[in-house]
Structures are given as structure tokens and as C-alpha cells.
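Shared between the two complexes below is chain A, which pairs with chain B and chain C, respectively.
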Partner chain A sequence: MMKFYIQKERLIKSVQDVMKAVASRTTIPILVGIKIDATEEGVAFTGSDSDISIKSFIPKEEDDLEIVDIVETGSIVLQARFFGEIVKKLPEAIVEIVVEDQFKTIIRSGNAEFVIHGLDAEEYPRLPQIEEEKSYTMPTDLLKTLIKQTVFAVSTSETRPILTGVNWTFANNELTAVATDSHRLALKKAPLQSNIENNSVYNIVIPGKSLNELTKVLEDSNEPIQFVVTENQILFKAKNLLFFSRLLEGKYPDTSKLVPTESNTDVKLNSKDFLQAVDRASLLAREGKNNVIKFSTLEAGTIEISSYTPEIGKVVEKVKSLAMDGEEIKISFSAKYMMDALRAIDGTEVTIYFTGAMRPFIIKSNVDESILQLLLPVRTF
Partner chain B sequence: MDGNLSNKAKIIFHVDMNSFYASVEMASDATLKGKPVAIAGNVEERRGIIVTCSYEAREFGVKTTMPVWQAKKLCPHLIVKQPNFELYRKASKAMFQLLRGYTDLVEPVSIDEGYMDMTHALSEHPLHIANMIQEQLLRELDLPCSIGIAPNKFLAKMASDMKKPLGITILRKREIPTILWPMPVHEMHGVGKKTAEKLQTIGVVTIGDLASTNELQLKSLLGINGIRLKERANGIDTRPVDPESIHDYKSIGNSTTLPKDTTIQQDLLETLLSLSKTVSARLKNKNVYATNLAITIRYKDRSTYSRSEKLANPMQTEKDIYEQAKRLFIKHWNGNPVRLLGVTGNDLVEQDHAFKQLDIFTYEKDAKEEPLIKTMEKLRDKFGKDIIVKGWNNYHKEGQTDTGFNKDFLRREDE
Partner chain C sequence: MENTWNELYNLQPTVMKLIKNALIKDRIAHAYLFEGMRGTGKKEIGLYFAKALFCLNLKDGFQPCEQCIHCQRINHGNHPDLHIVEPDGASIKKEQIHLLQQEFSKKGMESSQKFYMLIGADQMTTNAANSLLKFLEEPNQKTTAILITENIQKILPTIYSRCQHVSFKPLSKNEMIRLLVNKGVKPEKAPLYAHLTNNVEEALEMKEDEWFLQAQKIVLKLYEILSKNQLMDALLFLHSDWLSHFKERSQIDTGLDMLLYIYKDLLYIQLDSDDMLVYPDQKNDWQKNALQVSKEKLANQILAILETKKRLQSNVNGPLLMEQLLIKLQEGSNFV
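Our next item is the complex of A and B:
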């Protein structure tokens, strides 16, 4: 029915990748499984939770090396939980997978032999059919950076479901990604190639969870990655990998007017020193309940970062700014949001632009114009 | 008494300082002695409200929460002082320290009152010890107090109220029918104006009436609190004296049984609004914010559901609480007839540590208040942090004598 030999290391990698899409609980029972398709070209593994689907392909040969030896083509669905554990623990470098009658599947490696009951591959839902009408490409590592610099700011609460996604706007061969949980906002721009006209503006909202999983399965490389957008799906096509994600329905709020264009106080800081000072100040701030620190400008270009937690104690630290311009300011904000923002901005120097203690402020890299982080302060009483 | 040690009747003191703020002022400034003195909470005297006043002022009819202009009318020589919380905190700290000299089991209730469990700390007759405490407070701190002595907290509290100033009153269990029961029910600790009004509707006028009211009737009128009040009216109160209790206001809630089971959403929402109002008032009273809000729905068939949600921002105002309660209700109500509704604020944090993470879509509302807040901050920097509090705290009194500053004080005491 189906029989092939495969290199264990490649098998493990593919199974681990598609496992990221397999749901532990699902309304469609067969989705707890991984689908295996052995064809003349190689073996494909598919996992899906119906929001995300991942297909990983292992070709018969690569760089003149044989990876898979197909004896008989066929398909089967195996319980992901067991299959994932089994392949990791097999003893030898070569694994034999055979499907016999009634979906009985034998996994052999060295002297170890597992017999597990598979499910009928015919029952497994088909992957979305994607017409390549809107297609874009950019280097894989740039895409990964763009995701990492924005996805952390999505909302984790379902109060406004649209905010759990990242808003991608395509215009003039540029992709702008925006994420906000309404307390902070992350924005990143990146150039991309497109098969459609330059001027058509297009925007989609991709679930934050999908993008997080995508960065885990994409290799670090500057090879181009292609993505195809349809009405309700996005498909990322990398080498030997297809990653489908459902898109969020609904209108993403217009964030373009929310970013202040003027400021009253500009403070330029060494990013690393400032991050570490914020980290120290937040040590005492109560976990979850109140992770708030206070930022005050002092004389002579110095700033003070402090936090006070009644049962524990207080911390005060002075940090020398690289440059300071404008009115003095005292402002409180979440240490966690500040650290997230500083980590997202990859640069040695940052400038924070304040407009008032109760107004959003922005953080920008001094060398990279393509990224912007915005934070809302915390009002204290 | 059956002689079993663990069942031995307790001896609880309730120490209640007499017109505390005014007394402290007098103790620190001898020229005020014997004069009508009032403490008012507003810099602008005429709009201020009397927080407390000396007995000399009370003789003129001056009362707590009376506006200053009205008090001045009654007593033209009234000396009105602004509160000096540093001074009161210091005095209160010294007062509790002195009480701890008699027993470790001292439970501060507010800045000027506390319970002492003297059961195992008596070397002499309780009356004698109470006299010693009263004299020592007067001699060392120049502060008068009244002390109630009884077998439990409730009775001790009632007793301390009976003779003021400088009273010592023993209230024995056997004296309940003769002393407690004839008293009007609104004088009972724990019965506020609203509760007294409700009780009136079922013909309960005296504490004695309450003591003999049918439990089911009380429960339907006042909920679980009704049962508790009836127990108290019968002199039953098992709460221990807990020195740590001031540190945990765990939750503040209110629930009500509807006049009749209903499915009319508007009536239910109105009930939620009125519950939110009470919860908000109580939070304000204690100067705390809720970081988690829960609602309780009991259906006609008595099945009861509680649903809570962690809040992004600690909340205190009626509007915030109602909106959250409404959201939770609409999310969880199954449409069946509702018998009882409840709103509870959980995981309370103190005002000083409350904060609000601003929202990009709504921050303009807060930004508008910024100039005002800047002014307040400047005043605080200049005159100390209690000089100005936005909105008068004591405005929200509802069946309790706590002043808004007390909690704050008690926290500091332990630093």
C-alpha cells in the first residue's frame, strides 16, 4: 500500500515543523493526525488545525544525495502525538515506514518496530486552493525580522478580535506591518517585489499566532520567500515548505493618524544601557499587577528611572542621556512594554519623542527609519 | 460556661478614640483646649466639610459631614483647622503601640479605633484594666477614648458607643434584652441608613425586633447579610480579633434579590447599575481599586453562577464598574428568569498604587485632565502628599465610620 525508507534527521525536522499546526483539541477529529503522502517525487507531511496548515516536503534526492527511497506510493494519517514522539526516539539513521491492511502502519528502525493504527488519508481535509493572483516576494530573513519586530504587540485578549492580528498593508512595493493591543503599537516597513501593479493598495490582517508559528518553521536565510494572498487566506511558499494561514475578518482600525508627528521632549539614549536600567527598575514592580516604572528628566541631560512597590521596596537609577531637547517630563509606563519595544528596535542608539505625560510617545532607532514603536503611558493616581 | 478552656467566653475590648483629629490637635496645641475645634477637609473653608470636631463644638450642634458654613452659623467661635495627617498618623501609631503593651492581639480597624482580645491577657478585673488603658492614653498621649468590654467584637463596639467621651462600658450577654434590644435598629453597628429603611418596611424598628425576625424574611430582604445582622442582634459574633486583618480587603461586593424573578433586560441592567453604585461607593470609602470584577447571577431555579474577569486597569468609578458588570452579564446571562444579582470587586489595590494603562483609542479623555493633574502634583510636591485629594473621599459614606485616609495611614504605620 505504501512503503518508503527515509533519513531520520529529515523526518524529524519535517514532523516537528508540521506539528506546529496540529491542534491538540479539534472539532475535526482527523486533524489530530499528520498526513503523510508518498509520491514518486518524495514524501510530504501535512499538519493543520484549520486556521494554520503546514506542508513540509522531503524530495527523493537533494544535492545528489538520496534522502528517501520510495518503494510504493500511498497516503496515511498518523496520530501526531505518538508519531512525533516515536520518530524522535528511533535508534538508527534510516527509518522504514510501511502501511498494510486496515491502515496498520509499521515504523521500523534498527531493531525497533512500532505498529500503530493509522487513519484513512481520504478523510483528511484538502488544503486551500490558492490562485496566484496577488503574489509578493521578499528575502526570508527580512520577513522574519518584520514579523519579530511587530507580532509581540498584538492583543492577547478577545475583546477586539481584529487586534489579535497584524495588519499588513501593501502599497508601492512596500509592506507596512502594524500591530497594536491598544496600549502599544509596533510598526515596520519593508520593500518587496510584487506581480501586481505598483499603485494598488491592499491590506490584510494575519493572526499573530500564525506569524509566530511561521517564524519558527522558516530557515534563517536570505533566499526569497513568496507569499500569495487571497480573500481569506495567505500562503507562504519557501523551499520545500507551504504555510497557509486563515486571515482575520473585519476592518483594522486606522492607525495612521494615531502616531504623533510632533514632540515636546526628545531624549536620545544608548539603547542597551537604557534597556538594562528599565529591566532593573522593573525588578521590584509587581508581576502582572503593576509593572509600572517612572521616567523623569533631570537637569543636565540626565534621566531618572524609578519604581516603588510598597511591600517590597523602591529602586532609583540615573541614566545619562546622549542628548536631550525640549520640556521636562515625568511619565510612567509599563516596563514590559518598554523592554519589548527596545528589544524590537535593533540599534545602539534610540530617541524617545514625548508629547505629554498622558499622550502616546514614540521610540525610533537613530539609524533605521523603517521601524517605529509607540507606547501609551500609564496614568498614576 | 462549661469550664472547657477553648470554649471559655472571650473578653474583647473595643477602644474608640474620642473625636480623634480634634483631640490630637488639642494635644499638640494647648491653646485649643476647651474650645470648639473642627477639622475640615477643604482649603476653601466655606465649601469644606467637617471631618470631626471636639465635644465643645458638638455642644453647639456641630456634626461630622456638616458644611463649614453651617457649622459656623451654629457656633461662630468655631476654630476650623485643616487636617494634619502626619500628626494624626503619628498619634495613632503611638496609640496602637500603647495598646500592644497590654496584648499582642490588637486589631486596628481605622486610624482611631481598634479591637483587643484580652481573654488571656487579664491579670485583674477587665474594668480595672480598661481604666488603666484609658488613663495611660490620657496621661501619655493626652488623648481621650471610650472603651467597650464584651464577649465579642460586635458587642464591644456597641458598648464603646454608649458612653462618650471617656466612657467605659461593659456589655454582658445577659444584658442584651434589656440594653441592646430597646435601641433603634439604625444605631446598631453594621446597619446603615439604607438597611434601616429596608428593615422598616417589614416592621423592624428596634434591635429587639431584628433579633426575633424570621430568617427567611431577612434573607430575602437583605441577603446573607440579613442573617448575620440577626445573629449580631442576638449577641452572636464569632469573628476573631485579627491583627493582620487591616491588610486584606480581599473583595468588596453587593448583591440583591429582585422584587420578583424577571427576564426584562432593562430591569436587570438597572439593578446592576445600582449595585455598581454601591460597590463603587465602598471602594472609594476604602480608597481601593478593584483589579478583578465578578458578577453573580442566581436563576429562578436557584442555580447560581459567578463569573469574573481580570481587569486591564484597576477600577473604582460607578461607570467603569457598571460597564464591566454589564458586559459580563450580557455575555453570561442565559435568558432565564433571574432571582438575584451581585457585583463584586476582587483583588483590591490601594489608591496609591492604582494605575491606568492608557489606551491609544481613548487616551484623549485622560489627556484633557493633564493640566489639572500637573497642578495637583505641584501642590503635593510643595505641601506634602495629602494636601489635596481629587474629589472628597468622605463623600461616599455608606453605613460606616471609616474615613478615607485611615487605610493609607495604617499601611504606612508598618513601613
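Our next item is the complex of A and C:
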């Protein structure tokens, strides 16, 4: 049996948080529910669609204010759809939740009383036990940036499921995140604080979808966030909120050899001007199949961006480079991928390093060494 | 849903031995193809197998405890690492296989092993079957697949060749009767259910089905009229009671089956094989009739019913077909 009183505002917040993980449609019947655990320390709510799970914890007291009054500890699973709607519309600031025989649950607030049929909490999937072995911390906003700068490049095709995830490699207190859909690659490095002494190198692959969800759940702050890697899942620990994601199975391809180490042509550009020029050129290119635009170097440090679609017409634009070094080059690539890459880098100046018209090229920020974007050219003739 | 080792062993001794050995010797194939008739316990044994793989307190290396959280949740369909795919409508769609594929590209939710069961694997669309092939071919570690089918001929050869086959034998009638009696069916009624279906659950449903109980009465009544050599009465009864009750083709078929068993019983009474009777409770009433009919006549009557059953499958008029049958059955006894 379970019984507790809770402040409505906190209850609504927690339920909304965990609702993000509850699937509308699921093959595992119990997952339509939200699990409630009342313990001596407070009340925890859990929602899951089996890929991601969110657990929100409300402590008994916070800043010397009582939030939850636990009369009896226990657990129950309640239908998320109804529970979410009910708590939002309760009349008073205090809510009483009681579980009686046969999972019968009573939600009481003021004069309103709901009796709903719960489900057995024993049936709910077990979240992994947290052993603090592989635990790391980094500032929340850095983690969010790291995710945003890589996750857009994951593959959306299911032919190689492993590429739908972002590969995180841990080595020497540094995290390297790599995402690729085999036409482009995004890489970002970030320093870590870790509690483990040995510097064993290992990697995990986190589904891109989960990371997108995670950025929505995390608040913008520079407070440190802790994350723990377990055998099958990764856990992010924010304040009173736990976010679990399942990992992808399989071996991530070795991407380290893809990145060229030397270049023949270096072009330094104003990021914003270049991005806008590419955007304009893509207006016509978008109609064509691949959204391909052409990039050529001219004399006197100028580059030309052009696109030609026979049925529609053509566009040519000259952009002044900030600096140019090396051989001439004519190369074609996807405008969309280029824009994604430029947006991810988010700096005022970028340098593009080409090795040849048929070779992958890299885009780097001039101030931030930790990010790298790689694009494959498109053969147009 | 809970089935003990002994129950399942009685049902399918060979299969259970195979599973037991696989578990004890830890030689579990990555994919099994369970094939056999409806009601032979394929799904139950599949679930038993799953429980044995996930159970925390396995007894003697092959018997799941039915108590731990894994066993409990498998019984209730709530285990996060067990996936059961059943035909959505008439077939298993590509999207269903697609979801399964997505599921299996990830690591387990709780454990590092995964188990999936495809019920009606023959009902996969070709598209679905081809998507399945890919991950039957390259299974991830510790994944066990069970494909269940009633029509092994309909399984794509490419899938067939990638699974270990397990044949489920149909239940013997005696075994079926014994099971039904255990479940509280009256011993004199059990043989009829055992003859009509090979599935215990289905038989128990029949026992509760109002339509079916009524059908039984009508069939017996029809025979009673026929046995009195009153063709006109029989035809009248056909129109007043029978036709309004047996409407669908499958219902007529069941009715004919029940009628057929009556004539078979008469033959058995003549042969003194009492233990083969389908309606043992009617034996005393029918004894007299049985002695008045020659074996040859009975054989002809049985043949007439079988012929009718066959013609039912083609596009014929139900009432006419039944009238014709009654006349044939009647003619037989007229010449006695």
C-alpha cells in the first residue's frame, strides 16, 4: 500500500517531464503507464518507451520546505494519458495519492476524487542499477552544444542501423563524438572530468533520436551534468532528473582514417557571408535531385558559387575570401550538407581544407579546434 | 498461460526433450522454426523456452521458476526484451518487421539477451520476409528467434534454410480427451470436442459456447428423426431448425462433422469398439439402430456425408445440399 501528499505544482512538472518518454503506441502494455515510487526519501516518477526512460525525483524537502509528505511507501503504475490529464486539472494545491487493494488508486484534491485502476509496479521494466564505475561530468551547456554539433549528421536510413547513432569515444579524459551518414561526418571533442583512473579507451553508440530528446529535456545552464555508462544504457543525471537511453548494438566503423591530414587548397571565409551565398545558390539547386552546388576558386582570392538546373535556370555568385592558399580547385557538393556544417560550427570565420576535386574536404572553425566537419564531394561530370 | 514442464512434456515429448538438451548443454540455436498444426502448443512452448532463458532461478537447468520477475512478466506480456510479432490483419507487414529490426539494432533493455517470436511466420508478406532475412542471417549476440507456422510449405526457402526445424506432432485423440477431462469436461462429452479440434483452449471455449450446445442438440435430433425413417419430418426439421442455426459455411461444416461422428459411432457399436465412441452417452439409445443397419449401408451413409462435406467447399446452395444429403441418408435405410 502507498500513501502520500504532494504539492500539485511539483507533481505537474514531474509528470510532464516523464511524459516525454512515454510512448503513445507500444508493444509492451505496461509502458503506457507512469511508474510512481514512494520511498522514505521522496517520490519518483518514471516514464519509458523502452528506448529512452526518464525518471523525475521529488525530494521530501527542499530548502527546508516540505514538498511531499509520505505516509506509507510503495509503488504503482498508472495510465499516463489519464494521470497526466487528471493532475493538470485538480482543484487544490495539495494532492493526495493513495493505493489500496488490487492496485486501486485514489487521487484526491479538495473535493475532487478520482479512483483509477493501476497496474502492478513489479511488471515495469527495471532501469539499470547505477554503479558509479564509469562516471563522467561536464557542464550542461557544453554537452548540449556537443550534441547539437554532431547529431544532425546521423543517418536516417535504417540499412545500417549503427549509423543512426552518434559514436562517443572516451579516452584520456576527453570525449570525442562522431556522427556520419557516410556522405558527411561531424566530429566534436570535449574535455571530461572522470572518476576513473585508468585511461582505457572505449566507445558507445547512442541513438540520435535519444540525444535529440535529451537536449529538449535538459535546461540551459552551466551546471555540471553527470553521466554514467552501463552495459546496455547510458544515464544522464541532471538535478532531480535521470535520463536513460539504450545504446546501439554493433561495431561503429573506424572513421579516424577518413579525415585527411594534409591539404592542397585552404580557403578562409567569413562564415555568415558564405552561408548566405550557399543558401541563395541552393534556391535553384533544391529543385534538382541532389541539391548540388559548384564551388570554384578564381584569381585574386575570390571564389565563385554556382548552380545550374537545366529546366529552371542558373545562379552565380562571387564571394570574397579572407585568405586563400594553394592550388586552384573546382568542386561540387550538397548545399544542404554545407549549410548544416556551417551552422553547426557557429563561428565567424571558417577555413575549408581541400585535397582534390574527388576527395573529401574538411571545414574547421578558426577559433575552436574541437570541432570538425567533413563533406564528400559530388561527382557532376 | 502457465504451463509446467510435465504438461508440456506430455503434449510434445520430442520437442521438450530437444529444448531441455539445448538448455542444459547451452547449445541454443539462433533461430528455430516451430511447425505443426493448430493447438499443438507451439506458442506455449515458445514462451516456456523464453522463460527458461530469462529465469533467475532455473530449476535443474531447464525448468523456469514461474515466480521471479522475468517469468511473471513473460507470462503477462510485459517483458521488455521479449518481442512477439503477430499478423496484423491477414499478414505480418513490413512495418512490423521494421519495428522489430529497430528494436534489435539496440542493446537489450534489461539484459543483454533478446528473444523474439514470430507467430504465423508463413503470413509474412514477401517484403517483410526479405527484411527479416537480413537479421536472421547476421544475428547479434545472444538473440534467439522462434518462428511459428502452421504451413511449413509457405515459408520462403531462404528463411527455411536458416532455422533449426522443430516439428510439433498433432495431439493424439486420447491425450486430448485426457487433458479435457482434467480440465473439468465431462468424460462422456470430451470425445466430441477432441474430434472437432486439436486445441484444448478452443475445446473449452466450445464447451461454453451457446451456439455449439444448441448445434449438438439439433444434430442429435435430426439423427433421431432420420432413424425413424421419416423423410418428410426430417426435411421439415431441416427447414424449421437446422438451416436457421447453421448459416455460415464453416458452421455447416461443423454440423456435418457432428453428423458424421454419429454414423461412425454406429459402426463402432457394431464392431464393439466402445472406447472409440464420440458420443458414448448415446450408446444405449443407438444400440438398437446399429443392429438394424448393415455395415455396407453405414459405409455408404458415411460416404454420402463426406461427399457433402467436399461439395460444401465449392460454390453450392446450402439448403439444397442438405436436402440432397438427407434424401441420400434416408434412401440407404429404406432398403433395409
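The rule is short, and it goes like this: the second predicted complex is superposed on the first by the 285 of 381 C-alpha atoms of A that agree within 3 Å, B and C clash if a C-alpha of one lies under 4 Å from a C-alpha of the other, contacts with A are read in each partner's own complex, and residues count from 1 in each chain.
By our rule, a contact is a pair of C-beta atoms (placed from the backbone, for glycine too) under 8 Å apart; a residue touches a chain by one contact, two chains touch by 3 or more.
Just so you know, these numbers come straight off a predicted model, no measurement behind them.
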item	value
Touching partner for A:L248 - first (chain B), second (chain C), both, neither	second
First (chain B), second (chain C), both or neither touched by A:G47	neither
Touching partner for A:N232 - first (chain B), second (chain C), both, neither	second
First, second, both or neither for A:V292, with chain B first and chain C second	first
Partner chain(s) touched by A:V378 [first = chain B, second = chain C, both, neither]	first
Chain A to chain B touching residues, read off their complex	157, 180, 182-183, 185, 253, 255, 258, 289-290, 292, 309-310, 330, 332, 334, 356-360, 374, 376-381
Residues of chain C defined as touching chain A within the complex	69, 72-73, 76-80, 83-84, 98-99, 101-102, 104-112, 140
Residues of chain A defined as touching chain C within the complex	27-30, 50-51, 122-126, 128, 158, 161-162, 164, 207, 231-233, 246-250
Contact set on chain B toward chain A in their complex	291, 312, 347, 349-361, 363, 366-367, 369-370, 373-374, 377, 411, 415
